[in-house]
Every structure is written in structure tokens, then in C-alpha cells.
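Next, two complexes with subunit A in common: one pairs it with subunit B, the other with subunit C.
== the complex of A and B ==
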């Protein structure tokens, strides 16, 4: 177990190094010059700027400095927002994205497991048909349309009530978080529902379930202890990719609902070609996702005793 | 002892009454069998028809509906489908001097609301000319326009005009007039230039008009011969309405489908092909090479996908707002192959142990023959399923990138960028969002259902499952 954890962590570090290098190469093969913008820059200012950002040195040295800084956890200074370090930007905006993401995962996980179990129990009956229809909608409708419709629904709701029940956009209170995180989790919830349903259908006719019934256990106990626990396992395996999907899906939701998260900042940085912010955010997100996947794998080993981690 | 008399005829073989063992049906190949099974799956079949229909829509559509997707119809901005197309022919625009009066005597009991707002002339899309009774103590007026009734919350809408002269009691509105109902509100300003609370509202139904010159340019024809003033003509027909720049939605959807479906189908083809080659090489060679190759694939999988898509586009020197179908394609292929490679490798590893491979080797089959004749055909079913499921994913990615402004640049339509434009005006002109979103959803749904059907039909192990 410990050896496995250590091995996975080491692999994770190599992956992050790979991500950082790939990002570095991609950013440095950009044709053109990050310092050229609409304002003309004379030779001297240009030299100063190059020195400040270390662009006057040979590329191998730049790479070593960049890697060295990254190991110390320093992503550099933003190109477009003077004197604001990328670390500050991440520190300030990531918690917002993380809160949104965690809520979305909770919604998606709980909803997916519950709806999946429900549809399997009511197989081919009305609740199953209705939920599966909604699931297909959730998978087929693009996230930005869902976000826009969610906002529209909020406007309608507030209009009906005559006062603001839930804020339409912005960030700050729990009320601000509810609808965006629901919208963000919706497509993942649909995906998990499908998975949970097929996994539950297999369990329902399993031998140990029949045994449990024949022992005379009450149905709720069979459901909770025997069916749900076993059916939930495949759902845990896909939580890693689901977290990745929700993190990137957050970009759209943050844009539509005007939430000051890191995703919105990243899109903005891309539009302004703010190189250090793009690099820093990419590496940060990459590292985050890599460790999330490792964590999910380790949890899977804890939950399912049949899986032996080696 | 024997009264049995045998003739030679008794030694003739008995004619078989019926054949005991016949092959009643021709044997089915794997693919024929799969096709038969797919045909019984109604959802998958309908999806297949929808996909064929979409392809016809985008390939043949522009020949039938020959309107240029970037041509603007300035008479019809953001027009929903099925809007009234009747336009009246009027004389060209003439400037209007407006109405000025002597300031009304200030009474002891000043009322701030004007007595009456009226139309100086019939309201047309050329101009809406308002005049009103002077307000005794006013120093000026402000004119507001709303597309909703300002009552009950007093939402006056857009401030479209400000008048600093108390004698001037008229306003000419030329701004973005469309043939709908507007609520104009007149608010007086007091001696400090502040707006007063009272206002008077006039409901105006704007009539669509067009001058003869415009009608001739647009190629319109009158009901009886040459166009005359006062004739009513039908302006250009846009079956799905127009967008905020007056471009035909149907034509844009057709051309947008080219981008979305092109990327959605070509990119998966390429990365699945690369995945097959890479995966089969790793699986067949095995050993250390396999280890190294698959570790590399793991790294590529770990790259944050959308972030690297964006990074790639920047690395190609394509900034926001520039079109980049090709870099998007390259980035998709470079980042997406590992999933297929893993799948194919797993399949190859499994097949390699099968007895028929050993038999084939004993008969002297060469490696390339084994791969081409046995391994790839046997993985083709799984690959086809992956391909079908990859299409909606790629369509989503394209739409997402276009939505955040990193996909196709504005003059070229794509479903994603059309959604992005539609979302800005979603409350007033929902059709601009609904149609492209509907097309994306239907395409993704069709490919998903077809993928489900193919999986059930092709993959023997998945067949029993739900």
C-alpha cells in the first residue's frame, strides 16, 4: 500500500514535470513576441522588460530558471497586470473555483447515485423513463446552453416571486453558489446516473442479493447494505475524470454567472495572451488533476477490498 | 424357407424423403449479423437517419438554399422565424424640423407630467416622430424607449434622447427601429436638470416600410407591375429568422454544420487511426517497448485537455478572434489518441493469446498478415464504437472553444460561435440561441444513441448488459 502510494506519487511528479515542459515548449514556440502590444516600445524599455521577465537569456537557461522557480512554487509575474504575481492570482481565485467544483461534485455524486439506483429499481416503468429522458438531455445539451437556461430560469423565478429569491449572477453567499454548481454538476450527474443504473441492474439480480432476501432481511437493509454499496464502486472509479470534467466545465459556468473564479481568469488571460498566467494556471490545474486522480485511485483501494494496490 | 423374393429393385437406395440437416439460412458474417441487430434497434436506426440527414443538410443544403451566410439583411435584424414580412413602400427619408412651442405659462400648481404624447406622423421603421404638450416648469426633456410595458415597476428602458431646450417638444427616433411595439416615455427635467418622477408613456406600433430604391436593390417585386408608393410588398424570406446582424440563420446553420461536423468527424478519424497504429504496435511488440510507449500515452492522457487545446492554438500563432480550424484539428488529434491506443492495445493483447492466432502462425503467417488479417478486423467493432462516441465529444469541444472565443472566428459560422452570439441576446431574441443549440444537441444525441446501438450490436460482451 505504502509502496504503491509512493510509486503513484512519483509518477504523478513526473507527469507534472511533463506538463510543465510541454507548456514551456508550447509557449516558447509562439510566433511573435509577448512584449509587443498596441503601444510602441522603444529599444531601452524593451531591454528592461526583457531583463525583468528573463527573456534576454538563452532558452535552456530560461527553462532551468522556470523549472527552479516552479519547484519553489513561484509561477512568476503577470504580463498584463503589472506587479501582480501569478501566485496571488491563483491564491485569490482558486478557492472560488474549488468551492464551486466541490459543490458540483457533491450534487453530481449524490444525484447520480440516487437517480441511478431509483431508475434501476423502477426499470422500464414511468420514473425510469422520465429520468433517463432527462439524462439523455443532460448528456446532449452543451454546458453553456444549460448555464444560460439556468440563468434564464432564475430570472423567471425571481420575476414570478416578485423579489430576488436567488441572485442571478455574482459570488459571495451560499445562495450565489446553488444554481451555478447545480448547472455545473448536471452533465456529470447525467453521466453518473447512467453508470449507476447499469451497475445497479447487474447487482439487482446477483446471487448474494437473492441470498440476502432469502435470509429474510428487510428490503431497505438489502438496498442499503448489499445493493447500493456494491453498485457504487464503478461510480468511484470515474470520479477522477469527472473532477477533471467539472474543473474545465467551470470555465463556462464562471463566465456565464460572472463568478470570479480561476477559470474565468484563465479565459481572460488567454484572450489577452498573458503568457505567465496561462503557463502558471495550466501547470497548476494539471498538477491538481493529477493528484485528484491519484487520490481517487487510493480511495478506490480503500473502499473495495478486492482491489489490491500494488 | 424363404418366400422372400428379392428383385434388384429392392437393392436400389431409398430416395431420401427430406434432407435431415440443412442450412436453412445463409450463414451470417460478423458484420451482417451486427447490421441485422442494429436494424432491430429503433433508436439507433433513427439516429443513423438523423446523421445522414444532417450530412445532406450541410453538404447539399447550400445548393438549395443559396443565400450567402455572411450577407446582411439590414431590414431584418434579429427577426424571429415566422415574423410578419409585409412592408409598405414609402418615399425616401426626409428630415424633420421638429416642433417647438412657446414655453407654457408656469401655473401655480405645476404638474410635471406632460398632458399628452402623440405621434406627429405614423410610426414607421424609417422614423418614429413624437410630439407632446409642454410641461410648464420643465427645462428640458428626456425620451426613453422600452420594449416592455414600463408599468408596474416604472422601468422606462433605454434613454434614447435628451433635450435641453424647454421649447422643443418633439423627438425623432431613428435608432434600430424594428416592426414591433415600443413604449416611449417622456420625462421632464426641472430647473437643476434633474429628472422628475412623473412620466407619460405612449405605446407605438411601428410599421415596416421600405423605399422604392431599397426594394429594387433587394430585388423585390410589387403585386402588380412596377413598384409604387403605398404598395405592400413581402420582404425577403428567412425561414429560421435572422441573427443580430441580419444574417440568415438557416444559411448560417448549414455552413456552421460544415465546421462542426467536419471537425467532429475528421478529428476522430485521425486520432483513432493514430491510436490504432500506436496501440497495435505497443500490444504486438510487447515487453519494454510496450512499457515505454504506454507510459508516454499515460502522460499525454494526464495533460489537462481543454487547457492544452487553447495552448496549442496560441502556439500556432492564432490569437483570440482568429479562425483556426486546422490548429484545432491538430490539437485534437495530438491530445486525443491515447484513449484509443490503450483500448486497441488491450484488445491486441487479448487476441494475441487466442488459439486461432497460434494456428495461423503455424500455417506460416507473417506478422503483418496477422495484424492486418486477424487483429485489426477483430478490434474493428470496438474501434467503431469508440469512433462514434468520439464525435459528440469533439463537437462539444469545438462548441466550447468557439463559445469562449477560441474557436472559429466571427465571419465563419460554427454552431458553437452561433450559440455564443445567441446567448448575448437570449432574452429578447431566443431563436438565435435555440436553433444552434438544438442542432448541437440533436447531433450529439444522435451520435450517442448510434454509439449505444453499435456497442450493443458489435460488442458481444456488452450485449447482455443494459
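== the complex of A and C ==
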């Protein structure tokens, strides 16, 4: 188990190094120039800027300097937020994205399991048909539409009530988090519902379930211990990547609900060609994703006794 | 057998649903606890935002939204409109803009501008928010810092008129050589590089703001990065700055003019560029102003009978040409042909469709002041009569000169925004139907469009220019051969001569005549095709009055704003 973990962590580090290098190369080969602004500048100012950001050195030297700093945990200073270090930006804004992401994944996971199990129980009956219709909507409607509709619904709700029941945008309290995290988790919830439903249906007719009944176990025990627990395994498998996707993919929701998450900074950085922020957030998100996958594999070993970690 | 099976499955459905119900309840409780924990944790990190209403009459608080996070508030390096607007509230230079957009005494109570320099007498009651007086030394330090090469200020050029400014910025001279001296704490002496007619306009610009040396040094390179890394001498001071989330300005009790400031708090707890989201906040009564409305939002605004207002943001938009000899656009007759079929009025009324935009006629916008009245009234633009036949004749000559058989294909460089795409398609259609010219639209992301412009990789480009100061020179200079923003490299000796005259002359009449000559040359040579003077529409809460919008200087300006009781 420890050797397995160690091996996976080492592989993870290599993956991260690869991500960093690939991003560095891609970023420097994308057309455009991070120091260009609407005002064209004369040569003196241009030279001063290049010196400040180290862009006057050859690209290999820039790469070595960057990697060296990264190993020491220093992602450098942002090009656009000129006085802030990328470390500060990640430290201040990732917790916001993570909070939003955790809530969204909790909504998605619990909702997905419950709805999935329910639809499997009522297979081809009215509850199943209604829920599955909503699931298809949830999967196919893009998040910016859902976000905008969610916000519009809030405005309507507050308008009807005559006072603010839930805030329309902003960040900070429980009430600010509720709707954005629901919106963010919706498509994952829909996806998990479908996954859970099919995995439940597979198990309902499985041999070990029949055996359980024939042993005379009460339906309560069969449902909880034999069906639900086994049906949940595929859901856990996709949960790891889903957590990473949700935590890193909140850009639209963050924009619409004016939430100071890292996703906005990431997207802005790409648009502005803010080299250091692009590198910092990509490496950070990459590392996050890699370790989420490892974590899920480890958890899988705990949940499923058939899996041995070697 | 089948009977038994359906029995167990019924029982399963029933017990299963009941158990799921319990699980669901447990999950809800769990989520509630989790949310409470998370909100407690995020309150610890301080990223919480207040939820006051748009206008709070009791505390005289106005709640607004910001489009973007200010990159930093170091006045020597600020370049974007959000930073400059915020700096206009929390800082004050020698001169400031008043509620009628006129220059008014700021830290300087009086001043004298001569041919070779200027003297400013500072008011005794101008103070930093820690109570220490603002002195002439603070200006000397700030200007030197802005020009220091290692500071890499993009707006350093705005200080070049001060003696030795450019040489210091290039590293040829030490910063102490700058032509600005504190004669005493309250007298600032400035030497000019050459006679300068618009220095008053310049010192109102934020790059000229004061910075106190001891404070700047104590921040160790973090000056302007956070709320505690700034010292304020303006009408307001910043009390909260949560990056990306919340900025709060409160009245500065040490400000010399505090008696005329009527708002207590300007709170900005929402940052978003999403116009729909902004309108929703307005509708919910959470923000008092929504700016940057697009044509898509107009219907709803009109339907709701909100107070729609408009103003010109001062910028001029035009089609820029590439004058490189290997480009077809270097041909005068080709440019003439395009000029004779382009109707800016149609572009504004049919394509842009947003109130406040004016059809473009000249590089010099209508709001610029001349000698006695507006420059454009004193020197009207020669009108261009649309004439498709004449245009085709010019095109024929152009094709002959270029030695081509069929109308050329021309690339048009534009941004990748929906608005820019609509305009590009309009031009594409126009030039195809009128002249048979094929326009290839080259859509690029912002930075890449700028890179292509500055490396002269385009035939035609949609280009906009906003003024730095309220003098026609900020526009006229644009087509001088040495200007780094003259992207198409338009080179005309007479034009350069005329710009030099306008730069150095102190006689208003001579200068305005020089600008008039520039205006003529630009149209004769078809150096550009004016499109529009940009307007913006915004809505304000009816209780909020005195918001000042301007083309030059900090915009929007809430320093003179006040709240009227709800009707």
C-alpha cells in the first residue's frame, strides 16, 4: 500500500513536470505578446518592461529560471496584477473556488445517488420518466444558460417577496453559496443520476441479490447493504475527475454570480497572455487533478475489497 | 413464481423509497451543516461581502459594481480606466476636474505657467490621510519614480515634457536630473523640455499624482498592492480591498475639501463584466448604476422605464490603413475609393444602434475645445459626398497603378468580440457590393490583434483612440511619423511639421490652425476613414444625483454625487 502510494506520487510529479513544460512551450508559441497594450509604447518603455519581467533573456534561460523558482514554490509576479504574486492570487482565490466546488460536488454526488436509486426503483414508471427528462435537460443545457436562468429566478423570487430572500450575486455567506453551487453541480448531478440508475438496474437482477433474498434477508438490508453499496462504486470512480472538473470549471458561474474564484483569474490570464498566472494556475490545477485521481484510487481500495493496491 | 417476484419487487420499491427519503433528509441536514462550516471559514478569510441596498439614505452609502479588479493602485503605473477612476476618488494631483469637467485647483491653490516652466503653490491644508501635509517633495518623488527605468511605467511618456524626462526613462541620466524641484514644502518648480501649451491638462493626469517617499519605501515594492499599501490624499480613502471581490471607499476626514463631499461610503462588493448579471443586481435594488449597456439590454431598460443616460467616452474609432509600400492600401486612389462609399451615419444608425454614438467625420472629435468655442465649430471638416461612380473611377486608376486586373482582396483586422464582428461584416458587404473588393476578415483575440497592428501585419484595421488629455494634440500626434501608435506608418512631412508646431507653440490660434491643417491632410490623403465617436449608455438609480461622466480624467466620478430622498 505505501509502496503503491509512493509510486503513484512519483508518477504524479513527473506528470506535473510534463504539464509545466508543455504549458511553457505552448504559451510561448501562441501568437501575441503579453506586454502589448492598447497604447503602443516607445522603445525605452518597452525595454524597461522586458527587463522587469525577464523577457529580454533567451527562452531556454527563462525556462530554467522559471522551473527553478517553481521548485522553490515561487510562481512569480503577475503581468497584469503587477504588484501581486501568483502565489497570493492562488492562495486568495482558490479557497473560494474550492468552497463552491465542494458544495457543488456534494450536491451532485448525493443528488445523483438518490435520484439514480429512485429512478431505478421506479423503472419506467412516472417518477423515472420525469427525473430522466430533467436529467437530459441538465446534461444538455450549457452552464451559462442555467446560471443566467438561476439568477433570473432569484430576481423574480426577491421581487415577489418584496425583500431579498437570497442575494442575486456576491460572495461570503451561506445564502450567497446556495444557488451558484447548485447551478455548478447540476450537470454533474444529472450525469451521476444516469450512471447510478444503470448501475442499480444491473445489480437488482444480479445473482448475489437473489441469493440475499433467498437467504431470507429483509428488503431493507438487501437494499442498503447489497444494492446501494455495490451500485455506488462506478459513481466513486468518476467522482475524482468530476471534483477536479467542477472546481476548475466554475468560470461562468463565477462571472455571472460575481464570485471571486480562481477560475475567473485563470480565464482572464489566458485572454491577457499573463504568462506567470497562466503557468501558476495551470500547474496548480494540474497538480490538483493528478492528486485527486490518486486519492480516488486509494479510496477505491478501501471501498471495494476486491481491489488490492500494489 | 412470477407472482412472488413481483411481490418482492413491490416490497423493495416501497422500502427502498422510504430509505432513500431518510437518506435524502440526512443529506440535506449534512449539507446545511457543511454550508454553515464553509461560510464560517470564508468569513475567516475575509472575503465576505455586505448586502446593503443600492442606496442607503441613513448612512449615505451608495453600492456599485466594478467591472474588473484594479490591477494595482500605484499611480505611476496605472493604465486602465478602473484604476484611474478609483485613483481619482482616493488621490488628488496638483489640479483636478470639477463637477463641470473644468480644471480646478487641487493640491495646488494657484499656479503660473511660463514658456520655460511652471510654478505651483501648494495649499497648506492638503493632507495625507494620516494627517501629515502633502508637500512639494511628494510630487518630486512621484515624478522621478514614474520615470525611473526599473519602475517600467507604461505611462512614463506623459512625463516626457518635463525637462530630461525622456533621457531619464531611457537610463541615460539619473533621476535626480529631472526638471522638477521643491523650492520649499509648498512651492514646486517645473522646467519644461520645450514650451508647452497644455501642461495644466497633464498635471491633472493620475501619473502626476503625489507619492510620499517614506511611505513608498516602507512598503518595499508593494506600494499600491493592497489597502494598507496606499496612502490617500483624495476625497475618499479605501478601507476594504478584497481582491476580485470587494472595494470600499469612505470619506477622507483629512481631505481639505471634505465639506463639499456629500457621500459617506462608496461600496463596491460586486465585480463582474457580465451585463445581464449587472442588470439583475440593479433590478434587485442592489446596485445604483449599471454602465456599459449593450444594444441587447436596451429593450429591457426602456420597458422598465429606468433612467437611461448617455455620454461620449471621448474615443474616436476609425479604419486604419497600412502604408507599407508592398500593401495595396498604400495606394491613394484605392483609399479614396473606399472613402467615397463609406457612410459612418449608416454604420452608427443601422449596425451599432446604441444611443450616444456619433457618426465619425474627423480624427478630432466634436468635444475638443478650440480658441473660443469647440474646435470643430471653428474648423469644420470638409464634407465628403458619397459617390459610388467616382469611387469606381478611383478604383480603376488604383488597379492600373497597381498593375492588377481585378479588384484586390484586402484583409481587415478586428477584435473577436460580437460587436466588432458585426461591423466587420458590414464593411465586407459594403465594399463587395459597391466596389467588388473582397474583404478578408481577420478576427483575433485582443492581444494578438494589438501585436498584429504593432508589427504592421494588416491592410485595414478597426482602431480606436481615447484621449490622454483634453487637447487636440492627443489625437493629432497619433499620425506623426515618430508616434509608436502610428501603426500603419503614415508618413507626411507637412503633417509632422504641423504637429511639431502644435507641440511647441503657446499661441492658441496658431495651434488650432495647425490642427485644422492636420485635419485637412488626413482627409485629403485618406489617412483614415472615421467611423464613429463612441458613446456609452448607463442607468442610475433615480435617488443618486451628481454623477460626473467625462472623456478625459477619472470616469465615472462620484466625488460630487449625493443622495436625494426617495420620492
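Following the convention adopted for this analysis, the second predicted complex is superposed on the first by the 295 of 310 C-alpha atoms of A that agree within 3 Å, B and C clash if a C-alpha of one lies under 4 Å from a C-alpha of the other, contacts with A are read in each partner's own complex, and residues count from 1 in each chain.
Here, contacts are C-beta pairs under 8 Å (C-beta built on N, C-alpha and C of every residue); 3 or more make two chains touch, one makes a residue touch a chain.
Just so it is clear, the structure is predicted and the values come from calculations on it, not from any experiment.
Superposition of the two structures on subunit A shows subunit C clashing with subunit B. Once the two complexes are overlaid on the shared chain, A:18 sits against subunit B while remaining clear of subunit C. By the touch criterion defined above, A:143 lies against subunit B but remains apart from subunit C after alignment on the C-alpha atoms of chain A.
Applying the stated contact rule after C-alpha superposition, one finds that A:271 touches each of subunit B and subunit C.
Contact with subunit C, but none with subunit B, is seen for A:44 once the two complexes are overlaid on the shared chain.
In the superposition on chain A, A:235 makes contact with neither subunit B nor subunit C. When the two structures are aligned on the shared chain, A:281 is found in touch with subunit B, with no touch to subunit C.
Shared-chain residue A:255: touches subunit B and subunit C both.
Judged by the touch definition given at the top, the superposed model places A:290 against subunit B, while subunit C stays out of reach. Contacts of A:201 after superposition on the shared chain: subunit B is touched, whereas subunit C is not. On subunit A, the surface touched by subunit B in one complex and the surface touched by subunit C in the other have residues 31-32, 148, 152, 155, 255-256, 271, 273 in common. Subunit A makes touch with subunit C in their complex at residues 31-34, 36-42, 44-45, 47-49, 51-52, 80-84, 89, 92-93, 95-96, 99, 102-103, 106-107, 110, 114, 117-118, 121-122, 148, 151-152, 154-155, 158-159, 164, 167-174, 176-178, 204, 213, 218-220, 222-224, 227, 255-260, 264-265, 271-273. If you check the complex, the residues on subunit A that touch subunit B are 11, 14-15, 18-19, 22-23, 26-27, 29-32, 136-137, 139-145, 148, 152, 155, 197-198, 201-202, 244, 247-248, 251-252, 255-256, 266-267, 270-271, 273, 278, 281-282, 285-286, 289-290, 293. Of all residues in subunit B, those touching subunit A in their complex are 298-299, 302-308, 310-312, 314-315, 317, 319-320, 392, 396, 399-400, 403-406, 416, 419-420, 423, 426-427, 433, 437, 440-442, 444-445, 448-449, 465-466. Of all residues in subunit C, only 8, 11-13, 15-17, 19-20, 23-24, 27, 30-31, 34-36, 38-39, 41-43, 45, 47-49, 51, 65, 69, 71-72, 74, 77, 79, 149-157, 166, 169-171, 221-225, 229, 242-246, 269-274, 276-277, 280-281, 283-286, 445-448, 450-451, 454, 483-485, 487 touch subunit A in the complex they form.
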